[in-house]
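Below is one structure, written out as structure tokens, with a few remarks after it.
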Amino acid sequence: MNRKRFDRGWEKLRQIHGDEGERFIDNVKSISPDLARFIVEFGFGDVYSRPGLDIRTRQIVTVAALTALGNAQPQLKVHIQAALNAGCSSEEMIEVMIQLAVYAGFPAALNGLGLVKQVLEERSKKDS
Amino acid sequence: MNRKRFDRGWEKLRQIHGDEGERFIDNVKSISPDLARFIVEFGFGDVYSRPGLDIRTRQIVTVAALTALGNAQPQLKVHIQAALNAGCSSEEMIEVMIQLAVYAGFPAALNGLGLVKQVLEERSKKDS
Amino acid sequence: MNRKRFDRGWEKLRQIHGDEGERFIDNVKSISPDLARFIVEFGFGDVYSRPGLDIRTRQIVTVAALTALGNAQPQLKVHIQAALNAGCSSEEMIEVMIQLAVYAGFPAALNGLGLVKQVLEERSKKDS
Amino acid sequence: MNRKRFDRGWEKLRQIHGDEGERFIDNVKSISPDLARFIVEFGFGDVYSRPGLDIRTRQIVTVAALTALGNAQPQLKVHIQAALNAGCSSEEMIEVMIQLAVYAGFPAALNGLGLVKQVLEERSKKDS
Amino acid sequence: MNRKRFDRGWEKLRQIHGDEGERFIDNVKSISPDLARFIVEFGFGDVYSRPGLDIRTRQIVTVAALTALGNAQPQLKVHIQAALNAGCSSEEMIEVMIQLAVYAGFPAALNGLGLVKQVLEERSKKDS
Amino acid sequence: MNRKRFDRGWEKLRQIHGDEGERFIDNVKSISPDLARFIVEFGFGDVYSRPGLDIRTRQIVTVAALTALGNAQPQLKVHIQAALNAGCSSEEMIEVMIQLAVYAGFPAALNGLGLVKQVLEERSKKDS
């Protein structure tokens, strides 16, 4: 049943993106409830729930892809946060960007690095 | 000394890409010895030699970026091979492509998957 | 005569983009009068004036291309407006984005959807 | 039930892409049965089966996106064929490419046009 | 008159791309006479005929853009040939690729370099 | 020695980008001192210091590539400034954008042109 896919996806989304993920889905729902549902069912219920890669590696894959494409900065920021939530260290996020300088060019890597910096600053502000 | 960077890079390149890496550098050298040297010194001596991410994760980052960009298929194939050499399973490579279907679209993911299939077939031919 | 191409293009531009199109051309003219003229003559006088596709379909083609490329958000917004002006329903615009999630990935589609939402909100504000 | 999504998707895939679509799914299945299933269930069962846009317009959207991206030529060819199957005329396909010259540049448009030519030649060979 | 634009463009095309340019236009004409005409009139009659940049610099701009985009390899090859025809040295073409390694990543640069090598080999074969 | 590469790169960076270049490196250093060092050593010490192309042409290559990619607007702005510093006229920068309209599409060219306009306005404000 799709209810099961949705529920599994919703739980996964909450686990990975927390409250911010919920707000994001609410926002998509306000313009297209069906696309919001596909994101939960397909993106999180089907794909993220698969056992083949752990969440940490899935976030690294996503961060690498979005940094290379360079045309979805808000999503890239969200996935850098999710990577840190999933146990990546800030050093690892920086290292991903250095690796990408070689393969996607320095500007793409520097824009990614700028978002890493922003996320780290927001976290340190929250903690203090 | 840059000699040290070159030597460290060369060793790293050999460790990651083996004989094929050496042939690749020879090929670049035949048209631009300086770019060949930069690849060894900067790409492998500076970046790949860094401790922050293991080689396996560096290959996953590279495979994800090149699959998303979709405009460097020969290099993508080489890095899928290197990912397998570094200990990624074929299941993990396939899983990276499934993850990328969500973020870079199915065509990019399917072209990546086609290269994974090609690499696996070449390997199984070699083994038999 | 190019005068004819310009006049035909100008009329087409006004028909498709209205006052905003005129302001856009004025803005381009302030830095490069020749590029402004090429947009009117070639873009609108030559291409948009062709009979092979109706304006509604031309806007769908343009919206799809710019959403997939993801690197020209201001223009994408203008073409979503033009698609609605040309008779596309808001449901159709949303549906284009859902279709693009499959082919260009969810982030590109979601950024396009965000602009659709923005355009619809601006229109409903204007109407009230 | 997902069985229903799969069956609906399979029927839609057969309707749009015919035998070639079936061969494509078989090929994906040989390397990743799950991704093959996602394509049928999500791509065709969820998205293509939606009423908001007719199949002809969905193919135009897809052709426009893939031509603009320019990094998935085999898929672009398949979707040009599907657009013609769905009732687009060859003139309309050519017109899409002319429109894209403005928005994605002439090289992208010319590569798309080359595939339109190839598809038309294969069809005229088959017919004779 | 557009006749004048076409004639000026045709002469410019012949000057830049020689017989190969003529064959290219014939090929485009066989599928879309109008797009072939737009290339001559707009691309060569309007843009390439402008005095603001010499042909050599225009080719460098085009080679840089197509190498960075990486999705129009046949056109990139043609423009590397045109750059050499316009007085660029092979060293300069190689240097453009080294510069692009920094901004578009090594894979894009290496694919460009491979085409430079191919063009140089074809020329040296022709000369001997 | 790498000290020599760093010093040569630093001098080149100062010559090309002035105080703004220094601030940029400081900013990168605050999140990744190593990537900042690689930019100076590799980007400026190795690549920009090469004799094969003058700085003016290197900036044109970079501006063309970043305009075509369209996903690194802050860097594009910096390189338009650097191109003007290196002796390019504002007319040449505009002409590069007109040339790119043909090869990367009008939206990419118009976004580049918008940055040229911004840079010229900031300069004229500073001068007055």
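Which chain is which? They are A, B, C, D, E and F, in the order written, and residues in each are numbered from 1.
Everything that follows uses one rule, which is that a residue touches a chain if its C-beta (ideal position, glycine included) is under 8 Å from a C-beta of that chain, and two chains touch if they have at least 3 such contacts.
For clarity, every value in this text was computed on a predicted model and none was experimentally measured.
Undergrad: Among all the other chains, which ones are in touch with both subunit B and subunit F?
TA: Both-contact set = A, C, D, E.
Undergrad: Any chance you could name the chains that touch subunit A and subunit D both?
TA: Both-contact set = B, C, E, F.
Undergrad: Using only Cα atoms to place each chain's centre, name the chain farthest from subunit D.
TA: F
Undergrad: Over half of the contact pairs shared by residue number: find the pair among A-E, A-B or A-D that meets that against B-F.
TA: It is A-D that reproduces the contact pattern of B-F.
Undergrad: Quick check for the class: compute each chain's Cα centroid; which one is farthest from the centroid of subunit A?
TA: Farthest by centroid: E.
Undergrad: Indicate whether more than half of the residue numbers at the subunit A-subunit F interface occur in both copies; give same if so and different if not.
TA: Result for this pair: different.
Undergrad: Taking each chain's centre as the mean of its CA atoms, how far is subunit D from subunit E in angstrom?
TA: 30
Undergrad: With centres defined as the mean C-alpha position, give me the subunit C-subunit E separation in Å.
TA: 29
Undergrad: How many Å are there between the centre of subunit C and the centre of subunit D, using C-alpha atoms for each centre?
TA: 24
Undergrad: Show the residues in subunit E shared as contacts by 2 or more other chains, in ascending order.
TA: 34, 38, 42-43, 47, 50, 66, 69-71, 94, 98, 101-104, 106-108
Undergrad: Tell me, which parts of subunit A touch subunit D in their complex?
TA: Residues of subunit A touching subunit D: 1-2, 5, 34, 38, 42, 46-47, 50.
Undergrad: Within the complex, which stretch of subunit D touches subunit F?
TA: It comes out as residues 101-108.
Undergrad: Using the touch rule from the top, collect the residues of subunit A that touch subunit C in their complex.
TA: Touching subunit C from subunit A are residues 28, 30-32, 34-35, 38-39, 43, 66, 69-72, 74-75.
Undergrad: Would you tell me which residues of subunit D are touching subunit C in their complex?
TA: 42-43, 47, 50, 52-53, 57-58, 60-62, 64-69, 91-92, 94-96, 98-104
Undergrad: Which bits of subunit C are touching subunit A when the two form their complex?
TA: It comes out as residues 69-71, 94, 97-98, 101, 106-111, 113-114, 116-117, 120.
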